Every structure is written in C-alpha cells, then in structure tokens.
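Right, one structure below, let's go through it.
Each chain gets a letter, A, B, C and D, in the order it is written, and its residues are counted from 1.
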Amino acid sequence: MNKILFFAQLRERLQCDEVTLDAAGLQVSELRQQLAQRNERWRKWILEKDVLVAVNQSLAPAEFYIGSGDEIAMFPPVTGG
Amino acid sequence: MIRVQEQDFDINQEYQALLNNDSSSGAVVLFVGRVRDLNQGHQVSQLFLEHYSQMTEKYLAQLEQQAMELWPLENVSIIHRVGELKLEDKIVLVAVSSTHRESAFEAAQYLIDLLKANAPFWKKELVDGGKNRWVNANHKDKIAAAQWS
Amino acid sequence: MIRVQEQDFDINQEYQALLNNDSSSGAVVLFVGRVRDLNQGHQVSQLFLEHYSQMTEKYLAQLEQQAMELWPLENVSIIHRVGELKLEDKIVLVAVSSTHRESAFEAAQYLIDLLKANAPFWKKELVDGGKNRWVNANHKDKIAAAQWS
Amino acid sequence: MNKILFFAQLRERLQCDEVTLDAAGLQVSELRQQLAQRNERWRKWILEKDVLVAVNQSLAPAEFYIGSGDEIAMFPPVTGG
C-alpha cells in the first residue's frame, strides 16, 4: 500500500490530508489520472493545476514508476525562502 | 548544518557556529530572507509557513552537499523557519564560508535560488486586513533556479 | 552608514541597525571579510591595517551613494576595521537590504569589489613566525572591480 | 603650499610621512617627476613603482592639475577589505 500526502492549497481544496491506496506499479502520471476520477473537484485540482509529485521525499517526473510502500506527496509549486 | 524550526535564530550564534575553529575562511556571505509588508500587490500582516517535514531537511541536506561539490567551501548553514511569522521576522538564513569571496557569493545565491524553487515550503499570508491567501509561485524564481542547471 | 574603527563589530547589532523600522526589505545580504591563516603563500599570525583616514570614510560614503543609485536598495552599511587584528578577526562588513534578493546580492558584491580596489587601506602581515610583510595588491581584485565599469 | 602625505610601504621606503611644498599649477605627473629628483631612493619608489595619487582625498589621474592648498596623498595599490 502507499500513503499519498497532500499539502498547502491542494490539501485545502481537496479537503483531504492523505489517502492510502495501492499505487505500486503505476507511473506518477497514471496515479494522477486515477485520483482525478474521484470527482470533478479532484480532477480539477489534481490534473488541471500545476502539481508537483515527490516519491520517497524526492521530486519525481511523470514517468516515474511507484514501488510498493513508497511515500507519495502531491503539492503545488513551492513558495519558501 | 541544516535546521527547520519554529523559533527565531540568532545571526551572531550562527556566524560563530559556521566558523568554529576555522582560520582559513577569509569570506563569509550571509543571506537573510524576511517577511515584508507588500507581496504580489497585497498588504501582508502575518505569514504561516507550511512544510512537508519529512522532505524539507532531506532536500536541504542534498542541496548543501551539491554546493560543497560545486564550490571550494569551508562550511554551509541553512535554517528555515515554519509556522506563524510576523512582519519583519526572519524566514530563512543561508550562510557560506570560503577562502575567497567569489565562491561564497556564488554558492549563497545558488542555495537560495534552488531552495526557493524546490524546497517544499508554502507561504500563506494574512493580507489586506483579514483575508488568507496562499502565495503564488514566482516565475522569476523558476528562472533564477534554471540558470544554474 | 559608514564606519572605520579599531574595535570589533557585532553582526546582530548591525543587522538591527540596518533594518530599523524597515518592513519592506525582504532580502538582506551580509558579507564579512576575516583574517585568514594563509595569504599569498605565507602563514599569517597577525595583521596591521593602515588607512588614509581623511579619505577612507569619504570614499566609502561615495561608494554607498553609488550603490543606492545603481540598485533599488533600502539601506547599506559598511564597517571597516583598522589597527591590530588577530587571526579569525572580522575585518570588514558590507550589509545591504532590499525588497528583492537579486539587487541585494549584486550591490553587496559591487561594494566589496570596489572597496578592495579603491579604498585606501593597506594590510601589513606578521608572517612565517616573525617577519613583517606588506600584502601585495591582487590582480584578481582589479579585474573584479573593472567588471562593474 | 601643499601637504603631500605618504602611506604604507611607500612611507616606509621613503622614511617620510609627509612633505610640504608648493605644487600649485603642477600636474600630478609633474609633481611625481619633481619629487623623484630628490635622490635615487625617491626616484625608485615615486616613479618606478605603481603609485596612486589622491588630490583632496579623491584619486586623481596623471594629468590632473593641482591647486593651491590641495591635500596630496601618494600610496601603493590598496589592499583592504
């Protein structure tokens, strides 16, 4: 199974801190597609907006394959510093 | 040295820690980022800094490592605050020591440019006397980071 | 703010003074130059800094003025020490505050590059366990200053 | 009359902190020529070496005309910072 964490405005818009599901074997882009099917709100915020994805705390490209147990995080462009 | 913390930091203490027993650094560059009153057209009165805690320290440690490989530095410190911040509060410190100033200046700019583009922090501002607003990522910051790659 | 003095300075105090009542500076760059152990192939144990006192403050004030005209800065401080200095002592502070970091970094580099090329200070080192040696002007420093003109 | 101040290794080599003479109407380069005539030591350190000249506390080029009462300073390339 995989934990998927959401941050900042993405977390607020989805009204969700995290979900747990089995994403092993999916590419990052496929996981986004799958989450987008939940409803219109998810489609808009997960798929249409600029979303960064980290796998095991490192930024991962769309074609990256998720492994069993990997920690996934999705978030908007960062604004620290 | 990497720290992500709620409390403020003391610039003198961080200067001392950076240079502890170091007689060979002739140059030290410190960058401090602060909460300022006007941002993206809004009057800011307060700031909340969210972060992805498992990732921030890991990313900043990698960044420090990269800078040490790219320039002949003696030492690097990065401190980033999270949580509630007031106007004029310090947000971030990047401190670099080196034998010569050119590498200290370049590395400090590299570190803050990459931190702003990639480290998982998000700012939520209290603006215009009551509204909450997530800060928009700045296109200029993407360009600044891209110039190093 | 310009100061030429024998005594050490406190980085926190100078940070506070630079930013007194300033809510619009989002970026502060501080450069500190220090006495380092190895210079131009010699082992340094002490430094004496001579200056042309009537000219140093006048030149540094002009330099500060120039930087304020070239970049949108909020404030500038330059402190340079003279007299006897020990290993690891701070020699110079250049501090710049600005809304954005690009101008703060550029102006700080400009100020230290021009100071090193033009401000009438001379270093005499105590080296290699007893000899006195005037430091040679550095060709690299001339090039660094020339790039701004 | 004009005060001429010497600094750093130039002061040490000339064994002289300052001299007073009338340099009004001379160019900076002419004043150097005149001082160089004092003796071999002065010729070497004032003329052959890299010497910077300030008039009234501002760096002045070789062709600069010195005025009555101007404060002159001569020194080697600077090494502060």
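Everything below uses one rule, namely that a residue touches a chain if its C-beta (ideal position, glycine included) is under 8 Å from a C-beta of that chain, and two chains touch if they have at least 3 such contacts.
Here the structure is a predicted model, which is why all the values come from computation and not from measurement.
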Between chain C and chain D, centroid-to-centroid distance (C-alpha), Å: 26
Could you grab the centroid distance between chain B and chain D? Build each centroid from C-alpha atoms only and quote it in angstrom. 48
Any chance you could list the residues of chain B touching two or more other chains? 33, 112
Check: chain A positions touching at least 2 other chains come out as none
Examine which chains touch each other and state the graph shape they make (line, ring, star, complete, other). line
Interchain pairs in contact, sorted by label: A-B, B-C, C-D
Residues of chain C that touch chain B when the two form their complex: 10-12, 15, 19, 22-39, 87-88, 99, 101-102, 104-105, 108-109, 112, 144
Given the complex, residues on chain C that touch chain D span 33, 49-52, 54-55, 58-59, 80, 91-92, 112, 115-124, 134-138, 141
Residues of chain A that touch chain B when the two form their complex: 5, 7-9, 50, 54, 57-59, 71, 73, 75-81
